[in-house]
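You will see two complexes here that share chain A, one where it goes with chain B and one where it goes with chain C.
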Partner chain A sequence: MKKSESERSVKAKKETVLKDLRKFGGNLYDQMEHGKFPWVEMPSRSTENIFYSPDVRQFILGEKSVKRHARNIRHIKPFTQMVWAGFFTSELVRNRKTSTLRDVYYSAQAYEMTFKDQPESNNILTDLETATGFAREDFNVYPEERSALFGDLTIEYTVPGYEGKQLNMTSHPDGVMLGPSVVSSEFAQNKCDKVIAIEKGGLFTRFIEERVHEKFNALLVLTAGQAPRATRHFLNRLNRELELPVYIFTDGDPWGMHIAMVIISGSANAAHLRGLTTPDAKWSGVYATDIVDYKLPTDPLTPVDIKRLHELEKDPRYTGDLWKREIKTFLKIKKKAEQEAFSRYGLTYIVDEYLPAKLDAMAD
Partner chain B sequence: MVTFQEISPADFFYRNRDIAGFTNPSRAIFVSIRELVENSLDSAETLSTPPEVYVRLTEEEGAPTATESGNGVYRLMVMDNGSGIAARHIPSAFGQVLFGSNYKLKQARGTFGLGGTMAILYGQITTHKPVIIKSSTGGSKVYEYKMMIDIQRNRPLILDRKTKRNSENWRGTIVEYSLEGDYYRAMSKILEYLKQTALVTPYADIRFVDPKGRLYMFTKATTKMPEPPTETLAHPYGVDVETIQRLIRVTNSRSLLDFMRKHFHRVGQGTSLNFLEFAGFVRTPTPQRLKVENIQKLVETANKSKKFRRLFGKLTEEQIKNLIKKTKSQSLLDLLQKAFPKIDKAIILRLIASAGFVRTKNPKKLRPEEIVKLVRMMKQYDGFLPPDASCLSPLGEDLLRAGILKELKPEFIAVSQRKPSTYAGHPFIVETAIAYGGNIPNKDDIVVYRFANKIPLLYDEASDVSVRVIRGINWRRYKVSSGMPLAILVHLCSTKVPYKTVGKEFIADRPEVKIEILNGIREVARRLQTFLAKREHVAKEKKRLSVFAKYLPKIARFSADLAGKTETPNIDVLLKSVRKYEEE
Partner chain C sequence: MKKSESERSVKAKKETVLKDLRKFGGNLYDQMEHGKFPWVEMPSRSTENIFYSPDVRQFILGEKSVKRHARNIRHIKPFTQMVWAGFFTSELVRNRKTSTLRDVYYSAQAYEMTFKDQPESNNILTDLETATGFAREDFNVYPEERSALFGDLTIEYTVPGYEGKQLNMTSHPDGVMLGPSVVSSEFAQNKCDKVIAIEKGGLFTRFIEERVHEKFNALLVLTAGQAPRATRHFLNRLNRELELPVYIFTDGDPWGMHIAMVIISGSANAAHLRGLTTPDAKWSGVYATDIVDYKLPTDPLTPVDIKRLHELEKDPRYTGDLWKREIKTFLKIKKKAEQEAFSRYGLTYIVDEYLPAKLDAMAD
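The block that comes next holds the complex of A and B.
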């Protein structure tokens, strides 16, 4: 049950989700009607079945599959939980309601399906994702929101009560929260020609104040640290549906570098899903070489930072020349710098000097 | 000036009542009831009559009433349907310490019938009141004595004596007297004692009315009784110098050879002869002093028996005379041994004895050091046959099971009786049982019921050999985990129970006894393991079924909803198939 890549319309996508869930239930129903214990087969998510695919440019699951069989005493409970999760989310989608992972955990109790703890409940939802090929956001299950967006993009809501209503993403000076209603909206009109994703709220606000969206004709997205899955999916849509190039600005340390990498190539945990990555997005700084070139104020790398760099060295996602060069440089200079470090040259330096230079370099 | 004064046994026990268990008021009341109940049970069992024992404890009228936590004066009455006591023995049996009926070697609860008198003595010294004894052996009269014990002289002091007509053909004994004690502190032990006694005596009716007027009834579950023990002689391994001296005093044997045969368990002519030779108590004539007719007798005896003829060949007088002429041997035994080096010494000895030439001392003429030597050699000689167990009266597996079922109502029970064994010349039999569930409490530790000759042992549990054995077993191997309602019963029957103290509280660590207890417990534990394994399997199966029963309907419902169907699929077939699997 792999979803086709061609889905453009959010509405059409929801219908596909519902259709597939119905098929999923119908399959189990038929098995039981034929006097058989129901079962489902899905790709294995064990570590030995997760591979990095240079073609797809993200982690994917291998050939191994597992069978969840209601005949098996150890399987029947998670199996039931998964069917329940399918039922529950199909109700969400049908009634156009959204929910959170925490909600799912508590809702189960109403059906005498109590989960042992939150991780068990989360894990069942991941099972459902794997078995159906949809992300939980497609089932209207969203994480807590922290991301935001600002720029001259007009969206059209699809959520109940707001259908057809439009909103320009510059309408709020603090940015618009990237919640379920924005994520599930259709793109009505767009005047931006690039997306700039920013790790930290402080810099996001500075960019709005300095009118970066106008000066560079850019849509600003705040990832607020590691980007939530809904945000990654949204970036993917901006890139795919509006064909906007995506530039990512993070702190100059291994953790910032990895925030960019997860947006670009995804994570092993999401190997069963597609559409959460933006392989053509570019990490635009702060590089280790920038620290040298711009003589930025720095902190020394901690032992944890260095250990992380050595881990990244072996990570199959870090194969490009840029990545290799930056890891090597970090290890050489043993220093790191935050995005705010540019303030040393004045508050507007980063917008007036650094950003144009970077975007120029990227455009080449 | 130092004065020396003889003290009587009664006086001795008066001064040392601690060693008989009368250590404090609560212990005293417990021991008093125990001793009298045991006498009653023994007395009925000698007649093979199911015992009926009635115990009544009341607060003494006129005495200050006992508080819930203090001493009081009580009147104790114990009635039984036992053999009764002949009128002329009543005063001594209850008024003289160490006048017992049990000075014989067979299994009985009491050793000397001493405890009963001790209990009465204790009552007298704490209340200074007489004891009343009523008894009948089932004849036409009931005798009633009112008496006290003259402690210094160890003599009964009869205050009053009545004879009544026994119109109802009653048989049995009633003992009634006053004593000081602390019932409320002893209560739990007394009730536990009665319960365990009922458990190990399932053919007895025991009733107890306590000072509050509460009746505790332990009703028999069967009328079958264990085979009564037969009296037996002492085994050579189990005697001491004093026993030998007593036997010498009463014997009419004129030779040690005869003495050994007559007074010892499983000692016949051959064993007696071989042992006495081993011990150096056999003399054979000096060869040179043998007369012609002696030689003729010897040759004749040898040639008459086929066995001797085969071993010695045909003997002639000439042959023997020649041997005597050449030898320097001082005894006939030595001479024949040298002449026939291939023949066993025991055979030669038997030949000499058959011819009537073996001399052993008259036991009455043994010197003290010879008696000591005799006893020492008895312990060293390894040719005695082990004692047999006819003098023991174990409960048997059926009665043991009946007793446990009656008192504990367990879910599972396994009992085992070991083969007879011996330690230091004393035969013994170990009986073990293990019970699970029912009235047995869920405790961290296994409940242990210990019995010796049908007496419950209630004190000093931690020091007892059974408890040590049980602690030493790796119970996880038998699928036993802590918190299970589990009880183990160990019953040791012996003519001499190896108590570690005078108080009959716990059994000493005798290796021979320990190994029997260990093997007995292992045997029943193995059967428990089978039971527990089966239970576990059934429980697992039940749990497995319940999992399917819980989740399958949910899968049916959710998938029907998910598929948009109005009816849920039929899952009866699936549930049935799981159940079928269980039966396989």
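The block that comes next holds the complex of A and C.
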């Protein structure tokens, strides 16, 4: 299920995806040729089979597995849907077209394959991920959301009409949209020595204007709130293929903290996948302790914020001194602060003072 | 208050903005030099002073005006805040830095200018817009949200570090982020003969992949839901400066219809501004009648959808046969459909069949 780290080339990966999908289908043919009802086996994604692994540093699936069997009348529908999903996504990859979960839902009707609703078709796509070990983005099914990046990295496109073309990620001062074409690109040349991921669009633009990419040799990545899966995968590639450390700056509240955590350790929903996490990425602020140290303008924590902090306290991903300390401090000061709060010291304070102090502390 | 259409050049406009802000401040000095308490007069934005103008084809403010007077103790705080806002934004424009409404709120604290909360500072920015007739984007205060564009248009940047540099809007196949740098750019060369604005990211990507920009000579603009103000202003520029017709494609529901309407006729909140609307833009689908004609997969209208349709029935912007007919049809069929619903006929049906049919019908 796990894909080898050496399958680095994007094109090679696409071929592996197609080969695996063909194997998935070929297997069903084999079963039938041997006179058997076809079936598929995959790890169970039920809650009691999801565990946090301190080794892998993400949620993983346990030993339990489920079978979808064409002999079982209750299985026939999801089994057929899954086979169709395998067919449809292999067509996408082969024809080099991208799609969205919503499109997959409606496209099914073109094949007289009906899904009750979109959650049902989403779930079948997740089954296909689980059975093959590939993420749906590998099948060219992308999220609608787009994030952005900016910095001295040159990518080489692999999408139709742009093969071999290169673009430097400083070409557009609003930032370069991080969509399917960026995700599926090869890294042609990189001059950055770190990645700074930023939660908010306003701050991303501020960092570009203040030339953070030059001053700190950084590739800036806008997560635009919770990072879309494709962006998390891209951060993983930057960290793994280019060996860049990743620093994550968010609002100083439980939600910002969790944006960082999902980039670092992923979510329980993706326990069946690898390559979406960046375990060595560092949450770099805004900490609860920063709120105190920098005397930032704050808002009081709401009851929902406090409830969330108590949930995070029990979350197996939130081990380690930093997380424990910051959760405790939030609960003690009962306050939160946004990234923009540093503007109380002038628009460039965050770049001139806070950011270098944080990066220094992180390098220790 | 209305700015002349001849102030087309972006750089010239920035100078006009600075000149007007200087005049705004100079006026206050004059009053004081004449031994008077300074005051500002501006049109009232209270509900009873907002009217829909069929001539201007947007909401406008009526004859009522309000005075902010430094002599009046209740006025001193908002008056001072407004003067500060004029100072702060003139600094932004002069130093060629951009900002957000949130940043303005926090920045105030650097000047010991306190706002109770962000709605209070937002409101003061709107006062400044009303008093000067410029939009906050003209003062370099931009929304956080970004939309995107793609097509054979070449822009020339005016932002620091990029002056004179050009970028063709087909340079990046995920689409080019439409942020402050694009909004403040000059049009260097254009080969498109129409603009197609699209609500959803998935469809925007589909249109790029299917080469809609080439097949239909179109500049594609992703609104990403309700178009941010900066994007609405940009659509206005494309229509006014390049004389491109604008066609808007949204989901087939009251919310999609209203995304189109706000691009066309603006909102009551912006009754004090000009240049954010594109009155000749056309809503081109998905119509309620398309749902019937194309037998699209649908969802039932919810009670909230139906309530919204009844509100739109009474809205002065929704005159004209098309709007009346479509509202009536929605209420009759009690169904809605998403743009992606066309995928039931295959992923490219929307580009191969629906889009050309619509553009033909629009050209009549």
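Just so we're on the same page, the second predicted complex is superposed on the first by the 362 of 364 C-alpha atoms of A that agree within 3 Å, B and C clash if a C-alpha of one lies under 4 Å from a C-alpha of the other, contacts with A are read in each partner's own complex, and residues count from 1 in each chain.
Rule of thumb we're sticking to: contacts are C-beta pairs under 8 Å (C-beta built on N, C-alpha and C of every residue); 3 or more make two chains touch, one makes a residue touch a chain.
In this text, all values refer to a predicted model and were calculated from it rather than measured experimentally.
Applying the stated contact rule after C-alpha superposition, one finds that A:346 touches chain C and leaves chain B untouched.
Shared-chain residue A:22: touches chain B; no touch with chain C. When both complexes are overlaid on chain A, the residue A:11 reaches neither chain B nor chain C. Of the two partner chains, chain C is the only one that A:157 touches; chain B does not reach it.
With both structures placed on the common chain, the touch criterion links A:86 to chain B but leaves chain C unconnected. Residue by residue along chain A, chain B and chain C are tallied for touches, and C comes out ahead.
After overlaying the two complexes on the shared chain, residue contacts for A:76 are found with chain B alone; chain C is out of touch. Look at A:113: by the touch rule set out above, it reaches chain B but stays clear of chain C.
Note: no residue of chain A belongs to the chain B contact set and to the chain C contact set alike, using the contact criterion stated above. Residues 544, 547-548, 551-552, 554-556, 558-565, 569-571, 573-574 of chain B are the ones that touch chain A when the two sit in their complex.
The residues of chain C lying in touch with chain A in their complex are 97-100, 102-103, 105-107, 109-110, 142, 144-146, 148, 157, 159-162, 167, 171-182, 200-202, 205-206, 209, 211, 297, 338, 340-347.
Residues of chain A that touch chain B in their complex: 21-22, 24-26, 28-29, 32-33, 35-38, 70, 73, 76-77, 79-80, 83-84, 86-87, 90, 111-113.
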